[in-house]
Every structure is written in structure tokens, then in C-alpha cells.
Amino acid sequence: MNRPHDRKADELRAVTIQPGFTVNPQGSVLMTCGRTMVLCTAMVEDKTPSFLKGTGEGWVTAEYSLLPASTDTRSPREASRGKITGRTSEIQRLIGRSLRAVVDMTALGERTIWLDCDVLQADGGTRTAAITGAFVALCLAAWELKQQGVIRDFPVRDYLAAVSVGILQATPLLDLEYVEDSVADVDMNIVMTGAGKYVEIQGTAEAAPFDRAELDALLALGEAGIRRLMELQRAALGEEIHHAIIDCQS
Amino acid sequence: MNRPHDRKADELRAVTIQPGFTVNPQGSVLMTCGRTMVLCTAMVEDKTPSFLKGTGEGWVTAEYSLLPASTDTRSPREASRGKITGRTSEIQRLIGRSLRAVVDMTALGERTIWLDCDVLQADGGTRTAAITGAFVALCLAAWELKQQGVIRDFPVRDYLAAVSVGILQATPLLDLEYVEDSVADVDMNIVMTGAGKYVEIQGTAEAAPFDRAELDALLALGEAGIRRLMELQRAALGEEIHHAIIDCQS
Amino acid sequence: MNRPHDRKADELRAVTIQPGFTVNPQGSVLMTCGRTMVLCTAMVEDKTPSFLKGTGEGWVTAEYSLLPASTDTRSPREASRGKITGRTSEIQRLIGRSLRAVVDMTALGERTIWLDCDVLQADGGTRTAAITGAFVALCLAAWELKQQGVIRDFPVRDYLAAVSVGILQATPLLDLEYVEDSVADVDMNIVMTGAGKYVEIQGTAEAAPFDRAELDALLALGEAGIRRLMELQRAALGEEIHHAIIDCQS
Amino acid sequence: MNRPHDRKADELRAVTIQPGFTVNPQGSVLMTCGRTMVLCTAMVEDKTPSFLKGTGEGWVTAEYSLLPASTDTRSPREASRGKITGRTSEIQRLIGRSLRAVVDMTALGERTIWLDCDVLQADGGTRTAAITGAFVALCLAAWELKQQGVIRDFPVRDYLAAVSVGILQATPLLDLEYVEDSVADVDMNIVMTGAGKYVEIQGTAEAAPFDRAELDALLALGEAGIRRLMELQRAALGEEIHHAIIDCQS
Amino acid sequence: MNRPHDRKADELRAVTIQPGFTVNPQGSVLMTCGRTMVLCTAMVEDKTPSFLKGTGEGWVTAEYSLLPASTDTRSPREASRGKITGRTSEIQRLIGRSLRAVVDMTALGERTIWLDCDVLQADGGTRTAAITGAFVALCLAAWELKQQGVIRDFPVRDYLAAVSVGILQATPLLDLEYVEDSVADVDMNIVMTGAGKYVEIQGTAEAAPFDRAELDALLALGEAGIRRLMELQRAALGEEIHHAIIDCQS
Amino acid sequence: MNRPHDRKADELRAVTIQPGFTVNPQGSVLMTCGRTMVLCTAMVEDKTPSFLKGTGEGWVTAEYSLLPASTDTRSPREASRGKITGRTSEIQRLIGRSLRAVVDMTALGERTIWLDCDVLQADGGTRTAAITGAFVALCLAAWELKQQGVIRDFPVRDYLAAVSVGILQATPLLDLEYVEDSVADVDMNIVMTGAGKYVEIQGTAEAAPFDRAELDALLALGEAGIRRLMELQRAALGEEIHHAIIDCQS
């Protein structure tokens, strides 16, 4: 089983997390993972969805989009089609749900953080890159709110990152790129907290169902990958925000 | 931890699978699981999506809908809103993907089987009931094709059923009904084949992330529940179709 | 002129009206007329459309839908098409308008009763079956409101039922089923009150215009059929609700 | 019962039928009935809907629209709302269905005549004015096809006109204008052929159901009004086209 | 360079401006320019868009539509397509923006004037005819508001008219009709005030870019044409409104 | 009149044109102009719109979009609203039309070049930056087609760039940034070829109409700015492509 560029089965692609790529939003991160490139931004809005009005709690929500030229064959713009696809809807619900798992909504107060994940280039693993990058953008925006005195307590309670794993020719692999993903038998996305707990596990086997031993191998690969991604998140955020997260945890 | 009607943690609700509820579609099943009631139908169309034209392979696809009065508070009709929700889109993609995992598309030939899962009453577990019922409708439609000589080989290669599991007040539970589901910490849907392999695992922890021990407990509960559902599927299908599935497997 | 199953020109198909088919909505009826099968539900919402706000009056409105597998050839789901067809819009306006004719909106007070008519199987006469079944669901919901003390006076002032009539090969016929309807020269739907007055007459002659004598024959057939349907409505509702309607009339 | 401008119960408003109002379409008529003003055009397209391909038969279809400023309070443009209302859909289906009743589709051949009825000013009776005016536009377009040798036989087999009748304060009235229509107890539209046969009867009684005697009175009023409209249609069409219709009838 | 009907390069087509074509809206004008025919209406609504609430200022907005039969080949109705085209959107933004340039929004007060420009027949220059006609409809509506005492000061500060110019076979031409417009190298729309200042210049050269000398020639032709259109506007409005505009200017 | 950062009236903001920002599309350019940042990509599709089928000619078309976080206040995603705004539609029509003016469609052959201009950050002048950047992406894609031997002749016949100019406090200014643009009296976009000819002039004066002298000043400022932008385009494209353009011109 030879992977492109002689990558090992348990090796991540080259990952970069560049904060401050744009300056308008409170948090902005250019996240790359190999050729996959996602612009993750966080913007704060001073109101919540109506079901939270008056509760004192905030909300975190995400939107995801593939730029038309991000894929090998041009993806028609959803705005031109007049509606988002099922795939987009599924992914943006996943991103929002995942991030909400580590946010203290009472500390955030009655405001919404919008996470926009726009895929500038797609080469597999865009949804997990979006989650990992959006976490950093979220922390940057939350930090700015705290610095400006808008909120008193930092509302992010733990790290959160995500990675994809899969089975290809009977071999469990970490972080599939597109040429691998498109022919994999099993595809699984794992979202995990800094405390090592699962937030989401989504495993799909359209081609060949998988047994318990394979599941165990995938979970192990994923956890190791997520650990390394969290180190990169910490480096991108800096020690001050890192300590805010740690303090919030305890 | 007391469940409604003194149900045990590892106990399914009362399940009925009534074939032939309507007569127009080739397969029609009224599936009930406690108060959850889903009409699952299978209709055959003599063409496939364009990406399969000329390949000799068929397709299986699903649509899912909540009737407006199926829920406690009326759910506005998606046709009136002008688009389907993200939740609906996600569920119908899951149903179609799951069923495709046990269908031999070459044996089916260039035709599409449409599985329509309309929830007449919703009380938790509608998506897993839809998968379990749609499997039966699919087999009935495939059997009719074979009886009419339209196809030579029965195309369903294995049983397929699904169940939900979850964690509520730190207790892993099988087959959550709505009052449980709405306050659960973790919610997981498991789709499995007759051979005991996973087709889908979708575990979500918006309220409280879960650890590995909890995951293991959930997987065990789910597998046991699915075994019992498959016995009911077999009874509903009858021995002739059961043997067709078994033969197809070997 | 031989009808399927030797039915006479002035004979209804077998009709059943099954109350309580589902339990979530305040009123729920499975209405069958031959192979035509419509689930009619009534749900109460504690507000009215904005044009009635502050008037003290309520509203009754209906939605109608064909399930995809209800027809011989699958009907694409309107939610997937993104809009309802002209036919659906026309039918649901007819159902709502008809039922409003026998409801005392002041007795109902500022609330809306939603009647959802979902056709599980279509074999001609779905709109008239929907009206006849929805009337029963409406009475059940109104009765529950009265029993709970939400309203003081029962708001349904008279019976209401509907039937289709038509001309086929120069013969006026009652209650056309699909094979008749699809080749009829004239198709007419009649909605009538218990007092024998017309609420709606919709006669259409795309194939062959009809003269006054034919119109008279159709009206007579329709009235007789509606009388029989009202006996079945009374049996399904029970004597207590029957008397509430009779009292309301006087 | 005093009508505006001392109109009698069985009196039409002033009617004008102006052919050739615009010159692009094959048939163009400005139809006025009192203040109601409808531009009815007929355009020929050299293809039919797909269900008619290869049958040698043609099609007649209609679209109807209220201009925003046609009503007292501005009606938002349906193109801006993104969909047509149920009312529009119902009316345009009625217009198309009515006109098809007098067209010989084989004589028309595999082409479509589009009738566009745009209401420039609305003061009651727009749908019946649209039918009456569109009939003239249809004849003009059909005549041009025949004159150009595109078709051999004139395809319009009989006259067709429509009028509204209603009951107001217990009095049956012909041709309701808006101030009458908006408070009428019963509203009925009648579409009739030159031979005096019914093509459509649509009677609606939201406010007060009507009995058989009232129905008879309405039908008589309507027939007399339609006779007078047909004289005006004949004058607008000229003798040559009149004879083509008469010849086609026999 | 021969133009149809021997029109000179700097000659307008025959223009008529007929006020009061319909009576429902406060202002109504049938504007014709050769075969181009646009119904321009102005209706007043007693509220403004939300961004103006509480500012004391009013708003002027426009909508534009081609009737299906206005063009040689039938233009599908935008309401049927479910959305307006880019061309329509661009034109109605232009009309609204242009008219706002001469309206004193404080004098108008917190109300909206809706200008609806419906093209009954299209033969080139529909957007400039719409602006020129809508200006007259706007003045009529504003005048009615002043006459009724709803507003104190006449809010239209200057004349406004528009014309198209273009280059065809190297010749600059005024007021292109469709057969010219469709083959022109350059197409330019000019909107100007009575004071001779530019409100909009939109020049487009898809076929052949133009140089500065050509630009100068086009601007000169356009200004002369607009002068003549303003004389016709003045005649249509009458002296009383003319003086109101003049007074408002000073 | 002091501009931000002491910029002179005739000074462009800092401009960078970075080719190869992404690698999937044939042409990809990150264009920045001050804080305005637009990702311009060019992708080739091997078919044309239907109106060009069989003509041997190609097509160039553009789509434009603001990322939600590109603006100070988040711009709701058009895909979520279900339709593009009038502003977007207008801009993308302008970009496509402008670029088509310098492309030899016969040399391109029956293929379409899609130019996607996604605004990552908006600070005024996004549409002109999009045109200037898209021109470079277009040349890169066309060059790749020529290098691969897909086309024989380089199809881009001349340079093309665009800039905005405006009048603020009676001063004509080059290249307005957002804080200037939002309060300008006049806003004009100029698109010009390398030969110094106009492709588009769009001048709008919602606040204060402008006279001929002001128009002349704006045109002079714009031309000078466009000259400098073309030098940067040349540097980004390299000498080889520069000569291909020059050769194509002659």
C-alpha cells in the first residue's frame, strides 16, 4: 500500500494554520492540509436565534461552501442553483454542532458567532480541516470579545479538532487525500476534545462494511492524528489563549 | 433510571412490520416502533441517474418526509417552504447510502428503486425505523421484479437494519423514544448487515462528549437490538425471500 | 356501460372512516373510498393569520399532498421540486374553503385548525375523500377543544361532505374511480351541507361540453351519494358529537 | 338592491374588445369590462409539450397575471416573490382548459398557442374577461396561421365566452364588479360554448350555501350574459372569421 | 447608413406620453416610442424600507418587466421561472436610482413611491422609455399627494429623462430600435436632468471598443434627444405641475 | 480633501497580483488592492452555451461573490437566501462582458472559460479589482491551453483593466476605498483596453448629478490609473505571455 509522496499510513499531510489572513472578521484563519485550503472566519453578531432570546445564552453556527474552482471539475455555485446541496447542509450542521460542544454558551452571552468555512481548494478532508481551522478562528474571536471587555469569562472550555480516517485496500489510513478518499471502502470522520472524548464519530461504508477490529484500528489512528493537530492549534493561538482554554477547562 | 412503561435499558419498543399496506408500489410496508409509524414504499423506475447510463448498473435512492401532523407541534410542510431542511436531506442520504450497501447493482440492472419513507407519526427513532422498514419494502419490490422475470438474480445480498442508542443520565439505552432522545447526552445511530458488519455509525454528543468505554457499551446494545429487528424482518418477508437473501450472500 | 366490480351508476365504492389512526393530532382519520386512502388530520394552533388578529375569530385551513408512491407512476415529491403544483394548490384551497362554510369562527375563537390531507393511495376522488374525511377530523379536534374547556360552544354548525360525479360514454356516474375518471367527458365535484345546500360545484368538460339535462342528472346523483356519506360520518363521530352538530345548527 | 351606476341585476358592464392593441403577437386584444382591463395575446410556438410529441396534435395553454398597479392596493409582483400564487395558478389552469374545449387539436397540428392574459386594471371578473378576450386573440392567431398556409383547416370549432354571476343580499346578479364581488354570498363563474353547452361551472359559497332555486337563477343569468358577449366577440372578429368558426362547427 | 423609415441619425422615433391610461394608481402613463410601448405606473405606499424608518425620509423604487408577448419570440414569464433575470434586476435598479436623483426625500416624507414599468411591446430602448415615462407617472402621483394635502412641498426637484445612443457601422445614432440595437458595436444609455447634468452614463462595447471622439459624439446626440423628450414630458404634465417642478428647483 | 494614509487624488492603493494562489484551476490569481482581496480563477470547460453550439466559437463568462466575512457586517450567503442579489448579477454580467471584448472567440474554439471572482475581503473597488485580476487568470488559462496544444492561436487580443473613480466633496479621486465610496457623490467604473479604448463606462450619480467638466476629469484620472494597472498585469504574466498578447493584437 503506497500512499502519494510515500506518506505513512499514520502520517498527517503538511498542515499550516495561518491566523489573521483577512482582517475584517474577529477571527480569520487560512487552514491548509496538503493541497486542501480552507478560509475559516469567525464573526460575532449581537443577537441569537429566536429560540434563545431571553435565555442569556449564546449560539455558535457554521456555514460551509466549496468555491467553484476549488475542485478539479468546476462545482456550480450553490447561489446560482438557488439552493445548497444535501452534502453542504450536512457538513455545515456537523461543523456547528461540533464547535458548540466546547463552548460555554452562558459565558458567551446572547450573541452568535458565525463560522464561515470557505474551501479555496479541495483535496480531501475539507470538513475536518474546516472544523480544526474554525476552532482557531472561534478562539480568536472569543479572545477579542474578552479583550474588549464584552464578555468576562473566556467561553471556550477545551480544544477541539477533527480528522478523517479510512480503509483502502484493507489498510487503515490517516488523513485521506482525494485520490485515496475517492476509492476508499470506508470513510470515517472523528471529532474529539482535548480531553480525548468523542464529539462526533461518522463512519460510512458504502463499498464494504467493516468489522469491529477495523473500527478499533480507525479510532486509534484518528486519536493520534487529532493530538498532533491540537499541538498546531496551540502554536497558532499562542500561549495566552492556550491558558485561557486550560483555565476554562478546570 | 426509569424508562417509560418500565422498559429495560436493552429493550426495544414494540415493533410491527406490516407488508402490503398500500398496493400501488411494488413494495409497501407500514413499520411501527412504539408510537413511531413510518410508511416505507419501494417503486421501480426503468431508468437510472445519468452517471450510470450505459454501465449496466442500477441505483437505489431514498426520500424521507415528516407528515405535518406526525409531530407534537405541527411541522410546516417542506413543499410549502419551498425546500427541504438540512435534517431531511441528511436523513434521506443516510437511508439511500445504507441500503445501497447490500444491493448488487449489476443484478438489479439499469433501473432505480425509489424508497419513500413517510413518517405518519414521530416518537423518536424515525430514521432507523425508516431504514429497517425500507429494507423490507426493497426486498418485496426486488422479489416482484424477479418473479416477473425482469431480473434473473435476486439483488439483495444481506439483511440490513438500524437502531438508535444513546446515553441518558450516564446510562446507555437502546431505542430511545422522543422523551428520552430530547434530553440524551449522546445519540448514536447504527446500521448493520446480517453478517454483523457496520454500514454506518453516527454518534453525536452535543451535550457531553463520551469516552471509549461508553462507545463500547453503545455498540454492544445496538448490535443486540439489530439482531432482534432482523428476526422481525425475516418473519415479515417470509421464508422464500429469506432464502433468496441467504443464497445471494453465499 | 359496465363499471369495474359491476358497480351500479349510482353506487358509491366501499367507504371506511377510521378515527384515531394516529394519536398526535387532535383529530386523525384514515378515510378510504375503494382503493383511495387519505390520512386526514386536524391540529389546533393557538394563533390565526395576521388578517384576523384581534377580531376574536378563528380560521380553518387545509393542505393536501400526494405521497410519491400513492400513484401508479411515482409522483415526484413537491418538496424536492421546490414548489407545489397548481393542482395541489387548487385542491387545498377547495378543501379549506369548503370546511370554513360550516364553522362558526367566533365560537372557535382566535385559533387555527390545520387540516392535513395526505393521500396514501390515489384511485380517483382524492379531493372529495379528503373533504369528507377532513370534516370528521375537524369535528374530533373541535370536540377535544370543547371537552378541555378551551372553547365553550361547539363551532361546527352542520355536516359537510363531498363526492365526485361524471359523464362517461354519455352515462352519468357517481364516485368515479381512476380508470373511469381518466376517460370521462365531464368531471364534477360537489360539496354539500347536511341541510342540502351547495357549498361548491365545480364541473369541468374538457372533452365534451354538457347540456342542462346532464347537469341536472349529475346534481341528483351527487346529492344522493353525499347523503350516504353523511351517515358514515355520523357513525364515525358517535352520537355525542352528532348531537353537538345538530344543536349548533338550530 | 341598488347596483353602482344604477345597473340592472341582469345587465353587463360596458364591454369593449379591441383587436390589434399590440402587433408582435399573432393575436392581441385589449378587453375591457367596465374598469376591468385585460391584455390578451396569443403567440404560436412551433412545438408542443413533451407528452404530445409525435401525436400530430397541438396544445393551447394560458398564463394569467395581475400587474402590480392593477389593484387598489399594490399587488407584489409574483416574479419578485419567486412563485405564483395559488389563485393565479387556478385561474390560468381554468383559462387554458376552457379554451381547449373548442379547439380541434389535430387541425392545429404540433404547435402550441400561448395565451397571455395580463390584467392592466382589476375591478372584478378578471378571469371571465380573460377567457372572453383570449378566445378572440386565439381566433386571430389561428386565422393568421390559416392565412399563411401553415394550417389547412381553421381549428376553432365554436364560440366560447365566460361571465361571472353571484348572489348579493339574496339577489342573483350578473357580472359582479369588485365592490359587489367582495361582499357577495355566492360567486359563480360560467364558461359556455356558442352551442349553449357548459364547459365550466364553478360556484363557491364561502359565506352562505345556496339552494337549487338559487342555482337555477344564476345559470339563467349567466347564459343570457354570455349570449351578449358572443355578439361582441363576433363583431370584433369580423364576418370572415365568424364564418370560419361556423363552418368548423358543422 | 440608412435607418428604417429613413430616420436621420439624430432623430427620435415618434413618441407619445398618455397620462391616465389606467385609473387605480396615483400616476399612470402609457409611454410609446415607435413600437416600444411601456405602461408606467406610480403607486404610493405609506411606509418605507426598514433602513429609513424614523428618518423622516421617503423612498422611490422601481420594478420592470417584459410581458411575455412583448418580444418577437415569447419571453417566458419570470414568475413561472421563479426568479427575475439579471437583465431585469439591472434595469429596475437603474430606473429606481435614476428617479431618486431628482426627488427630495424629506419633502416626500416617510412613504414609498413604487414605479412599475411593464413593457407591453418591446422594440429597443425599453429601459430609457421606462425612465422617461416613469418620471411623468412619479410627478402625477406626487402632485396628487400635494393636492390631497398629504405632503406640503412638491418633492420633484428637476426634470429627468433618458435616451439610448449607439454606434452602428461607425455611425453614432440616436434612439436605436431593435433591428439597430441588436447589431450595434456600442450601446449607451444616458440619463440626464433638466439642468443638463448626468445622472447615469452606461456605455458598453461588447463588439468594438470606442475611443474618446466617439464618446463625445454619443454624449452630444444623447443630450439633444433628451431635450426633446423633456418638452414632451412638460406637455403631458401640464403647466401647473411644470411650475411646481421649476419652483422646487430654485 | 485628505484621503486615508495621505493618499493623493490620483494615486492607486497598493496593488499586488499573485498568480498560482491555488493550483486546481488553469488560471488562479490572488488580486489585492489595499485591503480589497479577490481570488480570481479561470477554469476551462469543453462546451459552450447552447446558442453557440456548432458555431466554432467559444465563450467567456464570470461569476462574482462576496464571502460572508468579507464585509464589515456579515453578508448573508446568497446560497442560503436561495438567490443572488441584483448587485451580484449586475457585477458578474459586467465582468463577463468586459473580458469578452478582448477575446477572439474563434481562436478559443468551442469551449467556455469560467471566471470566478470571490471577494475574500471587501474595501471598495471589488468589481474593478475582479476585472483586472480575472484578466490575468484568463491569460494564464488561455496560455495553458496553447501550451498543451489544445488551441493553436493565443486568443487574448489586448490588455484589459478596470478602475473606479469618483467625486467626493467636489474633488475627483482615483480608486475609492470603502470609506470614500460610501459617501461619494459620483461613482464611476471604467474598463479600458491596452489600446486605450473604452469597453465600459458606468457612471452613477445618486447624490449629485455631474457636469461635463467633471466627467472629463474622471475619465482622465481613470485612464492614468488603468495604465499603471496594466504594467502590474504585464509583470504578473511574464514576458512570454505579454508577447503573445502583443502578437495577437497586430
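As written, the chains take the letters A, B, C, D, E and F, and residue 1 is the first residue of each chain.
We adopt the following convention: a contact is a pair of C-beta atoms (placed from the backbone, for glycine too) under 8 Å apart; a residue touches a chain by one contact, two chains touch by 3 or more.
What you see is a predicted model; the values in this text were computed from it and never measured.
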| item | value |
| --- | --- |
| Gap in Å, rounded to a whole number, between the CA centres of chain B and chain A | 29 |
| Approximate Å spacing (C-alpha centroids) for the pair chain C, chain E | 52 |
| Multi-partner residues of chain F (at least 2 other chains) | 82-83 |
| Pairwise touch network: line, ring, star, complete, or other | ring |
| Successive chains along the ring, chain A then chain B then the rest | A, B, C, D, E, F |
| In the complex, chain D residues that touch chain E | 21-25, 28, 35, 37, 39, 41-43, 45, 63, 65, 67-72, 74, 77-84, 88, 114, 116, 118, 120-122 |
| Partner chain F, residues of chain E touching it in the complex | 83, 86-87, 89-90, 92-93, 97, 100-101, 188, 192-193, 195-206, 209-212, 215, 219 |
